[in-house]
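Two complexes come next, and they have one chain in common, chain A, joined by chain B in the first and chain C in the second.
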Partner chain A sequence: MTEAIGLRSQVRETFLSKLADFMANRGFVLVFGIILPVAVYVVFVGWPILFNIYLSFTKWNGLAPDVVFVGIDNYIRLINDPGFRQAFFNSLKWALLALSIHLGIGLTLSILLHSGRVDFPAFFRSLIFLPFTMSLVTVGLMFSLILSPGFGVLDALLRGVGLEGLIRTWLGDYDITIYVLIIIDAWAYLGIPLMMFHAGLSAINTELFDAARVDGASEWQLAWHVTLPSLKPVILIVTMLSVIQSLKTFDLVSVMTGGGPAGGTSVLGHYMYVISFRRNDFGYGATIGVVMLLFSAGFALTYLRGVARNALD
Partner chain B sequence: MRRAFSKAVLVAALSTTMMVPVSGAMAEAVKIRFMDRTTATEQAAYSKWLADTFNAAHEGEIEIVWEGVPDEAYKTKIFTVLRAPNPPDVFYSWEGGRAKFLIDSGFAAELDPYYEKYGWKDIMNPSGVQLATFDGHQYFVPTMMAAAVLWYRPDILKELGLEAPSTWADAMAAADTLKQAGITPFILANQMRWPAQFMWSALFVNTYGVEAYDDLIARRLAWTDPKVVDAFQIMKDLMDGGYFENGANGIDITPAVVPFSKGEAAMWYQGSFMTGRFLDDAGAPKFPLDYTTFPSVGDQAPTVSVFAENTLMMLAQSEHKDEAAEFLDWVLSVESQTRQSNEGKLLFPANVNVSLDNFDPLMQRLGKTIAAPQDATFMHVDHAVPDALADPFLDGLQSVLVGVMSPEQAAAQVENAAQAELGDVN
Partner chain C sequence: MADMKLRSVRKAFGSVEVIHGLSIDIDDGAFVVLVGPSGCGKSTLIRMIAGLEDISSGEVEIGGSVVNKLPPKDRDIAMVFQSYALYPHMTVAENMGFSLKLAGNSKSTIAQKVREAASTLGLGDLLDRYPRQLSGGQRQRVAMGRALVRNPQVFLFDEPLSNLDAKLRVEMRAEIKDLQQRLGTTTVYVTHDQVEAMTMADQIVVLHAGRVEQVGPPLELYDRPVNLFVARFIGSPAMNILEGVARKKDGTLVCEIEGGLSLPLPPANVIEGERVFYGIRPEKLAIADTGLDTEIQLVEPTGAETLVALRLGSQTINALFHHRVTGVRGERMFLRIDPSDVHLFSYETERRILVG
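Moving on to the complex of A and B:
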């Protein structure tokens, strides 16, 4: 008995000693450089994704212990769910319009601020970037007041300049509210494309412009034949970030309209929240999450592999 | 050096993981976890005061471990913590469909023995007891009561020679006069979808009776029933007729107080929780204000919707139910409920023995309306039914008001959700 205890103690000491040696030589990097980050990723990203995929094949109210396996029922339900279709197309609309604003206005403003024709360009860049530093919840609450019917600042301004006819129920009109939200979202995020384009423009070799000017290129031709091709990698990155940002939309919708009026501003992220946490249908909510994941990952992978690779090369 | 550091890290890590908990010889106070939903700073302070004061009086015996969770995060968090290894013994709950959801999921303790032991039925708002009762058993204690009433601007009505309407016909006649005077008859403020259901529920109950409404809630009446469609239609007619403010689906209740306070609108059927927005710090109305109950429709005697805004449940799996019940009794005491009304700014108390004498006369009158026994009460739809039905209902009602769904389509949408959640009509 005593011998056994002694042997166990010896084995333990040897193990600890070897472990300490290993840690001293290579363990530090292994543990803190690889194992811990991977473990964190697996626990906080990998496992939730896998659990979400599992949940998408179940019916569960989020509270009761019964989790019923329903196969692909939730996926079939998606196809026939008008609420999902509405959210899906609203998300697509959001992604395309926000992207147009980010690329169109972001690039135009960047070129303008980089051209040397505007005084204090850094100040204006900071000003445009400022909304990005604000929480979207704050932005949403602020614009809810600005757009309030009757006493909101926007309506007052329109009345003040004699454009009463343009006044709408900005956050309660089924046909226009989603566009109002897209514009606010694009405004809040515009600082990122602006800064990325600014970095891209600063990196263009000025000799290219000089050479083109010597060849007699106009400003328009400079922009079209020199600036845009040089910015292609930035444009591609901005496109990807903008689309993914749009697909993740939740805060503004939740704070400003709750998905209304009548589902007019319902987007996938918010619809998933509604289904899971308002209707307690976690299985179906997880199914929407899987679709979002596939959509975002599919877009990012296809885009990066098929289009961006050439440009980045 | 590196070797020494690594050894130190290893020894520290192993020591921590191999540490054996040492059990104290001294008897420790029973710990009761209390998780409350806090919607405002005053409420959070009051909620914490409840725990601190109780702890001071039960030192060494019972310790309340308080946690306040802001409004929006509460629902998602309570679902998670109830399933976690150390769930709260006492927690904020809701009445109606959500309470039933927690009961059916096996988390709510039956409180009948404690209702008996502490005599809660004798001190509690009668509607509150009614609302806490499911299949003959009590499952929560209401801590704050509320009612839906027709708020109105007496100055505006008087100026136009009108009186507070006692019948729906009077209300519509007054509304027409108000419209002609350029004043919005009713505020709806339905941006977040839930406000319009107050009027919908009141119209349904006061037109077809509380029994029909109970049948609807209890799944004995289909949501496609003509009575339901009719209630949707009345709301649509009011919207189309210009009886609500412009952009009623684009403004929330807080900003909507502005036009009401400025006298641009005359009436607002909404919960008594609006007092927080209508009263100043001294508890008096910030502008001319009065209330009446929902007007009677046809020959139906009006029923006031008295509901439990805040309630507390006890965890079914709690190992310290007696201690938790003692805490609940403290929450319902006159001292606590008085403080809740005064410092907590949470109106109205569930304990009918709380004096409202230091309140503004209008609030005293409202408090008496809420405390008065009535044959029956009703909750607005999203309190009464499970969430799986409430959400499609709110969505359908707003869709009707916006004009993208007909009353029949909205009714069918809710019926589909009811079938999926509760099955066919009983």
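Moving on to the complex of A and C:
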């Protein structure tokens, strides 16, 4: 019995000393610092991307064992698909409008909250950041209730202040629903550009403003000649993140409108989901996914290489 | 060019007063250095002159006009900042011409004035470069060029050499002084480095805790500091200050310090038994065969001079010699003090006691 305990303790000590040796040498860094992260990346990112590209050349319903190779048929179908065209242009509209809100309102609010003219700026920054911590599904459900035609708070509010003329079917009007969704999406994401601009503004050397004041700059000229040029790298990063975020849009559309009315809020992410999981056309869905990937990666690469390179230098 | 007057200038941040009613007269064309330790209010004061800080009370007058209410651009001043504050997205030429552009000057006028200033400062080849492509010294010169191009009545410098290495600092301080003498523009220069103050100024204003301790030419401050603070602050290495009591010994008044050691006193307004601060500059101590008995603690040769830390009773004093000293730690060294080199300060008021 005693011998067994002694042997166990000896084994334990040998194991611990070998573990300590392993952690002390480069093997530890190699395994946990390089091999494992790369393996996780390959399994959860690399492989799905490659499998998706493979699927885009096939016809498959997602269940049947037969995966039929169809060459570039799915890509030809894409060009002639009005549903894809609509989703593509809606995504583009979404990206541009959301970007305008992130840059315009995000930057204006950041400058205002950084100027010292607003009390409790940290509180307001936290308040604006708060929606970002919520899931977009929650945001979507919340706004579905707020904008509900029968008992929604917004309509009640408009009626209360005598503006019933402005009441619309917020989530059922082909002309405006996409804009409503874009505004909600931009609201939910606004905290990120706000915080990034805040960090950018805090990093500007305050003596630059003093120098510009001595040079004769007005408040507007300070913003134009000092603040904006100093924030150029942040503006470029915000632009890239905002556009990629918009191109990925899915949750809000899925929860609030399901792409309707009449495809008015159909965007690439949601259209891909509908094709793949509702119509069980995984091959064609994967093709849309490939196009989204190319579009996002193409944008990011061109942008970083061209426009942003000088500014980030 | 213009003279400048500060009259009872005060600055308070909320209930905390940081500048306590300063009054300084600066002559037309003078190079005045505001010097003092960190937190003494010198940067706040220069920012008040520039119009970058409000003046709580009192008046700032430039060229005969009170400028308290004028924005910085209307005070006809130019300022060089510690970080140079060059606009990173503008070229050297654009940086230098920015104030002229804001003032609505034509492109040709701006180009001409920038060229003139650039040639004065030797920046002609750098006009198309961006600040990030310049060395520290070149950036400093561009910052001066930006000030120069406006041809202001007053130059303000806020610790402009702090970010440079020691060698470049010495070069730039000579350049600034030379430029100021050539242009003859009234200059207010802020620094915490008393060597910079001594070498550059026509007049030094020593500030401490928001108050003026002494105003005067550099050597007057060095030779006749009005109080203990100025005595300790001006001069490098700093003056040795020892606490002592005036005692009669063999019919002569001497200063007795801790351990019963006697130091020679000059003829001064002190009475027997009076407590004093006894000051002697390190460079005024001389090695002798007999005299003040000290023990070597540390020898720091710099080539041209040797700084020696010495144990005197339980205190440490410094001595600076313009020759080589070969002593080692623990060795005895006798020092001679010429009574005429001694500075005496009242123990109670810390003010200078009249000598002679």
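Note that in this section the second predicted complex is superposed on the first by the 288 of 313 C-alpha atoms of A that agree within 3 Å, B and C clash if a C-alpha of one lies under 4 Å from a C-alpha of the other, contacts with A are read in each partner's own complex, and residues count from 1 in each chain.
The rule is simple: a residue touches a chain if its C-beta (ideal position, glycine included) is under 8 Å from a C-beta of that chain, and two chains touch if they have at least 3 such contacts.
Not measured: the values here are computed from a predicted model.
On the superposed chain A, the positions of chain B and chain C stay apart, so the two partners fit side by side. Once chain A of one complex is fitted onto chain A of the other, the partner contacts of A:G27 are limited to chain B, with no touch recorded for chain C. Applying the stated contact rule after C-alpha superposition, one finds that A:E13 touches neither chain B nor chain C. Look at A:E164: by the touch rule set out above, it reaches neither chain B nor chain C. In the superposition on chain A, A:D210 makes contact with chain C only, while chain B stays out of contact range. Counting residues of chain A touched by each partner, chain B versus chain C, the larger count belongs to B.
Once the two complexes are laid over each other on the shared chain, residue contacts for A:H225 go to chain C alone; chain B is not touched. Of the two partner chains, chain B is the only one that A:D173 touches; chain C does not reach it.
Closest approach of chain B to chain C, taken over C-alpha atoms in the A-based superposition, is 45 Å. By the touch rule above, chain C contacts chain A in their complex via residues 47, 50-52, 71-73, 77-79, 81-83, 85-89, 98-99, 102-103, 146. Note for the complex: chain A touches chain C at residues 205, 207-208, 210-217, 221, 225-226, 229-230, 232.
Across the interface of their complex, chain A is touched by residues 2-3, 6-7, 9-10, 14, 75-76, 79, 82-83, 101-102, 104-107, 191-193, 245-252, 255, 258-259, 264, 386-388, 390-392, 395, 398-399, 401-405 of chain B. Here chain A touches chain B in the complex through residues 16, 19-20, 23-24, 27-28, 61-65, 144-145, 147-151, 169-174, 177, 257-258, 260-264, 274, 277-281, going by the rule given at the top.
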